[in-house]
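Two complexes come next, and they have one chain in common, chain A, joined by chain B in the first and chain C in the second.
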Partner chain A sequence: MSERYDLLIVGAGPAGLAAALAAADSGLAIALIDDNPAPGGQIWRDGPGVRLPARARRQREALARHANITLLSGTRVVACADDRRLLVEDADSGRLIGYRKLLLCTGARELLLPFPGWTLPGVTGAGGLQALIKGGLPVRGERVVIAGSGPLLLASAATAQKAGAQVLRVAEQASHAAVAGFAARLLQWPGKAVQALGLHQPGYRCNARVVAALGSERLEAVLIQRGGRREELPCERLACGFGLVPNTQLGEALGCEVRAGALAVDDLQRTRLAEVFAAGECTGFGGSELSLVEGAIAGHAAVGQTARAEALLPERARWRRFARQLARSFALDPALKDLPRPDTLVCRCEDVPYSALAGHDGWVGAKLASRCGMGACQGRVCGAVAGYLFGWTPTRPRLPLSPARVDTLLCLEETALPSATGEPVE
Partner chain B sequence: MNADVIIVGSGIIGAACADELARRGLEVLVLDDRRGGATAAGMGHLVALDDNPAELKLSDHSIGRWREWARDMDQGCAYRNNGSLWLAANEQEMAVAEAKLKTLREAGMACELLGAEALRATEPELRDGLPGALKVAGDGILYAPNAARWLLTRGGRRIAERQGRVAAIEADEVRLDDGTRLRAPVVVLANGIHAPELAPDLPIEPKKGHLLITDRYPGRVSHTLIELGYVTSAHNASGPSVACNIQPRPTGQLFIGSSRQFGTSDPAVDGPMLARMLRRAVDYMPGLAKLNGIRAWTGFRAASPDGLPLIGEHPRRPGLWLAVGHEGLGVTTAPGTAELLAAQLFGETPPFAAEPYLPERFLGARDAQRTSIPSEAGR
Partner chain C sequence: MIDLTLDGRPVRVAAGSTVAAALAIGGDGTSRTAVGGARRAPLCGMGICQECRVTVDGVRRLACQTLCAPGMQVETRP
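Right after this comes the complex of A and B.
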């Protein structure tokens, strides 16, 4: 008999973990798929350079206690197949995994906006730098500049500092008024306020943005603009984050509705497909607390524990208010669209400069003419950039949803045609 | 009048026709609705096919033209004269290879038969036990979207482009779906599978195909590899079929094809069909199984009942010219198509007989004299 679970959860970050634990006492067969070697997602990424927070440790221990939860780490989803099955791939092989209910907790990725020098070695995403440090990258004694927008900059600065780096500057593009207003409201969320105090940074500047990364072979300095002034900061690392882009590809491929760039869900985290739920940042940015409660609601709802799911709605409403304030306070300044110069690369897989895209009137035409988005990342980075810079909508995702070995794709020989969009609820 | 000629479709056929007519001094307006067609979806394989003498003549002549043009094409067109290898899987197919060798040599084309050992030395990634292959030296590859762009721009200002969807063509008037009316004495349909929307009597059907491209693995394959079963099974079958077709791109990536399905207009990648196609390719090149595929997509070939394109004036709609129905061979045969169309339009003797491609063979006899532009009209 082929492998099939009552509840299959894709993504083992806060939302996926909370969902698995919420659903666990149903006794049903639950599996948690994640392409990282260990659960935790981006925020609780494990590695040699990590001491996991208590909450993350408790979640992992709880996961291990439940015999009905199967953890499939190092496993990527490649395609949707027929009969409620997904084609997945791990380091050794590909196979089809079936589900009765599917929960998407596929998270979000960083929006990396192009500016002159952004492809120099030493320049990473803000979350990317955290991941590298957690993975064991030594940064002790290095000078670091962090730029972009949102609380992730402070989290990234804290990680770098804890690892012994010297954070010269945190350049936040939002205005002082917006950030101060947000900070004042933090009092409504005591947990967050404590976190924010812990992240206090002497180098924090508002209304500041990176203009260029300078260097020949690798990063040597960063040019920051603040109001009418520019400062040049010699440094070894620059970490940039301009917010997060929901990972909606699998949901879109299944036929879920996408609204404002995120998977659309109802009160109980159901998508328009009766058997598919979604929770966490693939349904919109909101931070780990919102992901945890959304995951728990989805986990309960997916196994039919509707009352327990509904009991969590007030808590979710509270964190959604927080998310809305976050989004308002750190809205991106349209001036960021002017950062790239004509020769600034937008697609780094295929070396496509800004000038090769600017004249086009849509993603498909630009892609065909320039090869933008045709490389190994398949537009995950530059597609979001083109969306921000030019307002283009990328095409609907096709299989393979991520690069996959040809022999993995051969597993689809045994399948029938998928029903194009599943079964809508209404 | 908005132009001497309006061409509907800016794919490789429309672009080649625009280039040829502009070169002859006509003012050309090219319309495209950006739905995309076979030019954007195909492999860009320049391949001489010989299902019949007309197909061989058109493809051989055109490939020669591409070789000449390649000297002037930009890097983005990615032209390579890498040659094709027709793979024989058994002794019967080896006999087919020998027959093909004879046909192509008689047409004056450079080709040679490789035995089992020579084939292994030439393409070591192929599986053991293949008895041999036919190498066709003149075949090549290019990146068709950029080749079309190059053709539309190299002639300067005689070619104008406009985005818009054509709703109807009535005599010399082209009506767009936004109500705009454009006029020209000659209108050329070069919009592939979409042509029957504007000329419902065209016997053109979409034939769906799949392609997959791998990550970069430079140096593994040098020729475009096609199984000879392509000719005997895939190309002529009416049901869904697959054939091994592996093409090295200048980036080091590999294109893997090909599949054929009638009776569907769904552009979704069909997992089982894709897998069947990949299995066929892995049968010939076992190492392919361990390579990463990064993207798969589909496209629709505009297929005519006899596999040859329709090139010439519509027999009952004076002024409406056709350059459609090229199936999987449009990129290869765009130059010859444009020359045949132009020769008929200017009342000249074409470079080779135009009869096999005339629309009359499906649409019935002509009831009016052919529209033509006297040669001196060219400026």
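Right after this comes the complex of A and C.
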């Protein structure tokens, strides 16, 4: 018998978890699929280097109590197939999973901008360093510099410090006025005020940006520019993040509309496809509170509990206001576009330097001429970079959405072939 | 604790550790050799960038998204 669910949720972060729990009392068959080893998304990533917050533990326990929710961790979506099915792959094999309603909670990834030396071992994303530490990466006694923009830098610094690292500097590109204004407004958002405390971190500097990572085999020092001054900080690690980019690939492959870089949804988190909903950071960045309420709205709406979904709209409006303040306060300084030098690699998969891209007038031409975006990450890193540096819109994602094994892809062949020759499927 | 091998050498890590953590605990933290010959290490930590791809028991896997298991053989220089 083929595997099919009434509601299939892709992504088990705050939005996906909230959606599954909201929809659970419908009694329908629900599945949560996620490529991380455990549910919780990045914010509640589990591992030997972390103690999960109470809220995350409660969500997990609630999940385990519902017999109609199937959790498929360590499983990634490789492609969308015909007949409302997704091709997925786990550590052992590939298979097709069917759905009546699909909810995309695919989250966001970090915007990683290129600068000289950013490919050196020792340089990671800011959220990336957090995730690696939670997964058991030892950083005790190491000197860490954190650079980029947004509250995630402080979260990353806190995780590194708790794990025994020495955080030398947190370089925030936004101005002091913008950050102070944001901090002052944080008081309007109970529960968020505590984040403002991080701003008093001794190494925190506004108007500061990373200019280069130095080292031959691995990172040895970081060059930070602040106003007209430069400082060189010897260190073992540099963690950089310049904001978040919604993960829209699966939605786009299905045919959902993308607006301002995020999946477009209506009041009840519906995309333009009747059977597909989307919630959380793939519909725009806003933090975990917004993701939780969007997920709950989508979960209720997807199983026909419209009134319960609508009751949550005021709360969503409130957290969307917070998201807008966040976006305004940490808008990126165009000077960051000048960070790469001609020989700085932009595409890390295919080793394509900035100079090979700069002359082109669009993503397609650059891609064909240079192989940028044609490597293993399929443009997830360099496509976002090209979007920021050159204003290019990435092309619609191609399938498979991520590198997959041949026997997984064969699942698609077997199903596609009979229907193509007019024979009945299955 | 879990015992595995990294490029043929034994490594011991805490239960629940990712292969990305094992790369740093038992080696220099690097995962692969880039097209241009330079060594690379995990970057995004969350299954996006593919910089952490290694061979685990003969199959290409993402080190940051794979948990260590007893007896696992991890290769970073195939």
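The rule we apply is simple: the second predicted complex is superposed on the first by the 409 of 426 C-alpha atoms of A that agree within 3 Å, B and C clash if a C-alpha of one lies under 4 Å from a C-alpha of the other, contacts with A are read in each partner's own complex, and residues count from 1 in each chain.
Simple rule for what comes next: a contact is a pair of C-beta atoms (placed from the backbone, for glycine too) under 8 Å apart; a residue touches a chain by one contact, two chains touch by 3 or more.
Quick caveat, the model's predicted, so the values are computed rather than measured.
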Superposed partners chain B and chain C on chain A - clash or fit: fit
Partner chain(s) touched by A:Ala81 [first = chain B, second = chain C, both, neither]: first
Chain B versus chain C as contact partner of A:Leu399, first or second or both or neither: first
Contacts of A:Ala23 with chain B and chain C, given as first, second, both or neither: neither
Which of chain B and chain C A:Val167 touches, first, second, both or neither: neither
Residue contacts with chain A in the superposition, chain B compared against chain C: C
Which superposed partner A:Val10 touches (first chain B, second chain C, both, neither): neither
Chain B versus chain C as contact partner of A:Ala376, first or second or both or neither: both
Which superposed partner A:Leu409 touches (first chain B, second chain C, both, neither): first
Smallest distance from any CA atom of chain C to any CA atom of chain B, in Å, after fitting: 8
Chain C-contacting residues of chain A that also contact chain B: 375-376, 403, 405
Complex contact set, residues of chain A against chain B: 79, 81-82, 87, 361-362, 364-365, 368-369, 374-376, 378, 398-400, 403-407, 409-418, 420
Contact footprint of chain C on chain A as seen in their complex: 35-37, 42, 45-49, 74, 76, 91, 109-110, 112, 119, 121-125, 127-132, 135-138, 217-218, 345, 348-351, 375-377, 380-381, 403, 405
Residue ranges of chain B in contact with chain A within the complex: 34, 36, 40, 76, 145-146, 149, 163, 212-215, 256, 266, 268-272, 274-276, 278-279, 281-282, 288-297
Residue ranges of chain C touching chain A (in the complex, touch as defined): 13-18, 20-22, 24-25, 28-30, 34-36, 38-51, 53, 59-61, 64-67
